[in-house]
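Next, two complexes with subunit A in common: one pairs it with subunit B, the other with subunit C.
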Partner chain A sequence: MERTLRDWRAITIFVGPALLLFIVILVIPIVWSLGYTLTEGSVIAGFHFVGLSNYARLFQDSAFWSALWFSVKYAALVSAGQVFFGLMLALLYSFYLKRSSVLVRTLVFLPVVLPTVAVAQLFVKLFAITPQYGFLNSFLHAVHLDALVQPWLGQGGSAFWVIVLMDVWKAMGLYAVLLYTGLMDIPEDTLEAARLDGAHGWKLTQFIILPLLTPVIVTSLIFSLNGTLKVFDSVLALTGGGPGTSTTPLTLYMYKTSFSYSQYGYGSTIAVALTLLCLIVSLIIIRRSRED
Partner chain B sequence: MTRIAAAPPSTRPGRPRPFAERLQSIPLLLIIALVLIVTVYPLVWMLLSSFKTADEFSSGVIWALPKSFSFDNFVRAWTVGKMNLYFLNSLLSVIPSLALVILLGVGAAFGLEIMRWRLKTSVSLLFLLGIMIPIQMVLLPLFTMYFKAHLLDTRWALILTYTVFGLPTTIFFLTGYFKNFAREIIEAAIVDGANIYQVFWKVVLPMVMNSVVTVALVQFFFMWNDLLVSLTFINNPDLRTIQAGLLNFAGQYGQREWGPTFASVTLAVAPTVIVYLLLNQKIMKGLAAGAVKG
Partner chain C sequence: MTKRTAALPVLPILSALLALSTALAAPVTFLSVQNEDQGATKIIGELAREYQKTNPAAAYTYQNSPQTDLAQKLQLLAASSSLPAVYNVDQPALLDQLYRSGQAADLEATFKKLGIYNTLNPAAVALIKRQNGGKLVTLPLELNIEGFWYNKAIFTANGLKEPRTWAELIKDADALNAKGIQPFAASGDQKWPLTRLIGGYAARKYGYDVMDRVKAGTLKLTDPGFVEAAKAVQDLGKKNYFGKGVNTVDYATAVDQFLQGKAAMIYMGSWVLSDFNDAARNKIGTQNIGLFNFPAVTGGKGSTNDWSLNTGISTAVNQKLNDADLGNWIKYVFTRYGNKALAESGMITGFTVTQTPKNLPVLTSLTQAKLRAVKNGYLWFEANFSPKATSVATDNAQLLVTGDITPQDYMSKLQDALK
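Right, the complex of A and B next:
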């Protein structure tokens, strides 16, 4: 028994290929990427060592700070939106629809599995102004609110909100199912006892359900922030980062720096900043939830 | 939202509900209707619009139903828009990646959870690290590697990247399932003289097949919906995957031609919608579990 389960050749056969590929394609490149941050150049032009100057540049680069600000602002709003609407939907599923919520759950979840690029094309048409009015502008026109007709995706301010709206719309079904599962795990006895003590409606939600659901909410937030800080597809497909750089997150700034301007060293430095941001956000939330 | 937990005692089957209570459920029905409209209507609008002619777009009302169900836009998207090619390219990179990620992932999870060796915790943690790392962190070194190995502009660049980025979650999911696997069954098989490979193929694998399918579905969505990887490593227009193709298509013709754009978007979402309609419960469970652990 022990010998069979400790057979090193079998272990190598089972774990070896995955581990090897993982190290070559992910672990080594991580280290390599850190090395790039100390250089300037590209594959074609060659690299030369520049010490920490890429990091110095990062601190003085206003485009970096505005991309960072975009990413943070966007991630905070979208995560809050996804988890809030997810929670509302989950409460709807479990306390109003109960067992018959399957159909609603299934339909609300559908956008989760759709490709972001396709969804973004759809939203481009919803908010278009040229060559023809999109859905929203047509609607505003029809109800004689022509003053509100505008290029929703052509101006930084409103484009930001369209991106937020789309990503909340797309993913709230996922968080709804997640939180619904969490709600299902709360024992009926606990709820019954609270009801006997006179807790109903909002009071029950506030004092019993939300505290018990906190771990799932925290997990949802971590997952959502981790995903939204890496936003790329939706922005690229909706606005391409524009107009100007008004809707450019870190990921897109990193991509353009690396592939449009062939600055691998600086691109890697931005990637390191992004990675740190993701790690820090996860750690802060995990720690805070432990303290609670 | 103030009566969330009210459990009306009179909802027992067979007894008609009092009028006041039915009145109360009207706002609720409105909320549900609103939720469904917000979720489903944009998709219905997209599908219906893909049948419209250019004239209908320029002169008609944007939410009107199409006058006829002509497939012209689909034909244009499929041939002129090269969606046929992009579709095939996506299939040819996603299917091998799925096969690889499952094969390697199941093996690794088995080795990490069922077998006994000293470094297994460290190796598990190493794989876990992969979940936290954004793909941007390794994009440039991978570009260099693939460039030097002449893998840029080949499907191998996509297959390798998809496989490796699918491994951490696959392994994480599956070690979770293996954890709950009854050890007595494995022990009994070994006592009966089965070797470790027979235990894997004949005992364990058939029993976790259900979970394997779930994991494969989840990975399918990540791979099929990917844009970043294919955009980075594929430059040749004839090798583009469906998402990169769609981005390009919309950028090039989309401003003028609404019909084919809607048709191509519909084509791009069709496989995921079909798979989802067939297996939605499994997919919801899988993606939600992935979210909790990710």
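Right, the complex of A and C next:
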């Protein structure tokens, strides 16, 4: 084996094709995209070199900062929600429902496999006000709380919380299953020993389960944060980034800039900023988990 | 088997291939944001298939693109010189780029060369030229006026008349609202129905050439008249005169609210006539619908004889495919288009009509009468804006009507976006 790994011909044959494919479909487009950040123009009118002016523009663009703030706020809340509720569900499956958890697991996992557009349509109907009240407004009306009836998706503040709720609900099943497998890996005799030492309930969770589950929680957080920082489909399907630009994340701003405003250079610059953000967040989490 | 007999089965195949290649030689494709059975796209499709019967080489194909993806699609097609023969293009700046790169035809030259320039309505031509730097680069598939359509029965029952001033309009809206009737239907989800009101108010305040003056830089969007316009529209939203959740109301719902008698007025272009003339949707009856122009505003220089006009979604012809075959197709389709659109759909177009149908829908006749009385036409609010400025105008209009942004901030953001 060791001899094979020292053999350059073997390396070329085994790794070469995959490496070539990786370079062609990933590295070159990334470098190409980086090149676009130094240009201005369109595919019809042509591109011209503008140096670092797109990067300078980024710092002065209030719409960029607003989209960045939305992305960060949304990612923090949704990731926390997805992993927290996923963990709660995993503990529920493991310690309370045990063998009878299959049905609950299936039900909670169901939204994960549903198309985002379908889930968004469901939420649009739940929170509708016109032409008919959706479920929530109907309920509020039925219990005589008409003052609370409102266009949940037609106002920036409430629309944000509806998106958060939808995406936590949609993905918590995935993290519940992921964390459940982590819980299954904790040896039963370790738990039994802790119980004999008097650790039950929250103490057992705090001192035994959570420390042993940390690698899976960290992995879940990295997955979740990277997914939520790149949120696009659920926002587009639910609010289209509105009302106004109040629910516009960086991805949607990048898309609009590139494809609606035909500013490919600046759009690529926003994409680079988003890539850096994802990288920084992942590095911070990994470093913190190593320190722990 | 001799060589001669062996070649025999090949001959039909070769001739079929030849026929196929001839058929593929000059297909005419129309890229449209409309469904195939809607409006101008339906009429063009029917005429193209009629032409195809006698000219099989001019095979007609229809392609659809959602309006949200249109600009992106056009750019990708243009970059590879693959634009179809006829295509919608919804951004004036992109249309200009396509014209400069030789991918959008000069239709004045084309129609004159074909000897059918007289089929075009001069008013529609002037409108298109005004929008496109003096060039006729799009087809006037529609000729629309915009105004407030109102429910006559509701107005009569409440003792109201067509308002002539903005103050009277607000007074009417107040009266209707007090009786629990929603004054206006509007699609905040589409956004542009809200900015149309700002544009109309500004045209009354400064005159019909207001947006041309903004383009020329002699007027700024932060000038008091524009802020007043934004405030006037914001007040309607704050008073809930567009109904609950205006920003979640889509186009069809807004039209249905009006056609079901749930709202007394709707500001819309005359393209909406096809919905009004649909008996299945129109529950209030065409005879119960009236139209009045954007009312005058206090201290305004604009006239109520000026109307907001447009020629529908811009439709260009690909100059790279603009040869004799396409010329024949254009000649066939567009010498018949005006008559057919009016007769079949009650559509008023920018093409001359030589045979007026006997039983025109009442609302089509009403629109024609209003069109005849137009003194000056003005374009919609964002007609001269870049895609980015259009987006700033429409997106922020949603925040304006909910009171989440001040009229001053709205206009400042828009003025900044024009730079």
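By our rule, the second predicted complex is superposed on the first by the 267 of 292 C-alpha atoms of A that agree within 3 Å, B and C clash if a C-alpha of one lies under 4 Å from a C-alpha of the other, contacts with A are read in each partner's own complex, and residues count from 1 in each chain.
As a convention for this text, contacts are C-beta pairs under 8 Å (C-beta built on N, C-alpha and C of every residue); 3 or more make two chains touch, one makes a residue touch a chain.
In this text, all values refer to a predicted model and were calculated from it rather than measured experimentally.
S.K.: Could you tell me if A:243 is touching subunit B, subunit C, both of them or neither one (first, second, both, neither)?
M.R.: A:243 sits against subunit C, while subunit B stays out of touch.
S.K.: Is A:259 contacted by the first partner subunit B, the second partner subunit C, both or neither?
M.R.: both
S.K.: Looking at the overlay, does A:131 come into contact with subunit B only (first), subunit C only (second), both, or neither?
M.R.: So A:131 meets both subunit B and subunit C here.
S.K.: Just checking: does A:57 make contact with subunit B only, subunit C only, both, or neither of them? Give me first, second, both or neither.
M.R.: After superposing on A, A:57 lies clear of both subunit B and subunit C.
S.K.: Which partner, once the models are overlaid, touches more of subunit A's residues, subunit C or subunit B?
M.R.: Of subunit B and subunit C, B contacts more residues of subunit A.
S.K.: A:154 in the overlay: touching subunit B, subunit C, both, or neither? Say first, second, both or neither.
M.R.: A:154 sits against subunit C, while subunit B stays out of touch.
S.K.: I'd like to check the shared interface: which positions of subunit A are touched by both subunit B and subunit C across the two complexes?
M.R.: Dual-contact residues (subunit A): 43, 130-131, 259.
S.K.: Can you tell me which positions in subunit A touch subunit B when the two form their complex?
M.R.: 1-2, 4-8, 10-11, 13-15, 17-19, 21-22, 25-30, 32-33, 36, 43, 88-89, 91-92, 95-97, 104-119, 121-126, 130-135, 138-139, 142, 169, 173-175, 177-178, 181, 191, 195, 199-202, 204-205, 209, 216, 219-220, 223, 226, 229-230, 232-233, 236-237, 251, 254-255, 258-259, 264, 267-268, 270-272, 274-275, 278-279, 282
S.K.: How about subunit A: which of its residues touch subunit C in the complex?
M.R.: Against subunit C, subunit A makes touches at 42-45, 128-131, 149-151, 153-156, 241-246, 256, 259-263.
S.K.: Write out the stretch or stretches of subunit C touching subunit A in their complex.
M.R.: So the residues of subunit C touching subunit A come out as 68-69, 71-72, 75-76, 78-79, 91, 93-94, 97-98, 100-101, 103, 188, 191, 243-249, 253, 256-257, 386-388, 391, 395-396, 398-399, 402, 404-405.
S.K.: Name, in rising order, each residue of subunit B that touches subunit A in their complex.
M.R.: That would be residues 1-7, 28, 31-32, 35-36, 38-40, 42-43, 45-46, 49, 57-58, 61-63, 104-105, 107-108, 110-112, 114-117, 123, 126-127, 130, 132-145, 147-148, 160-161, 163-165, 167-168, 171, 187, 190-191, 195-197, 199-200, 221, 224-225, 227-228, 232, 242-243, 246-247, 250, 254-256, 258, 261-262, 264-265, 268-269, 272-273, 275-276, 280-281, 283-284, 287-288, 291-292, 294 of subunit B.
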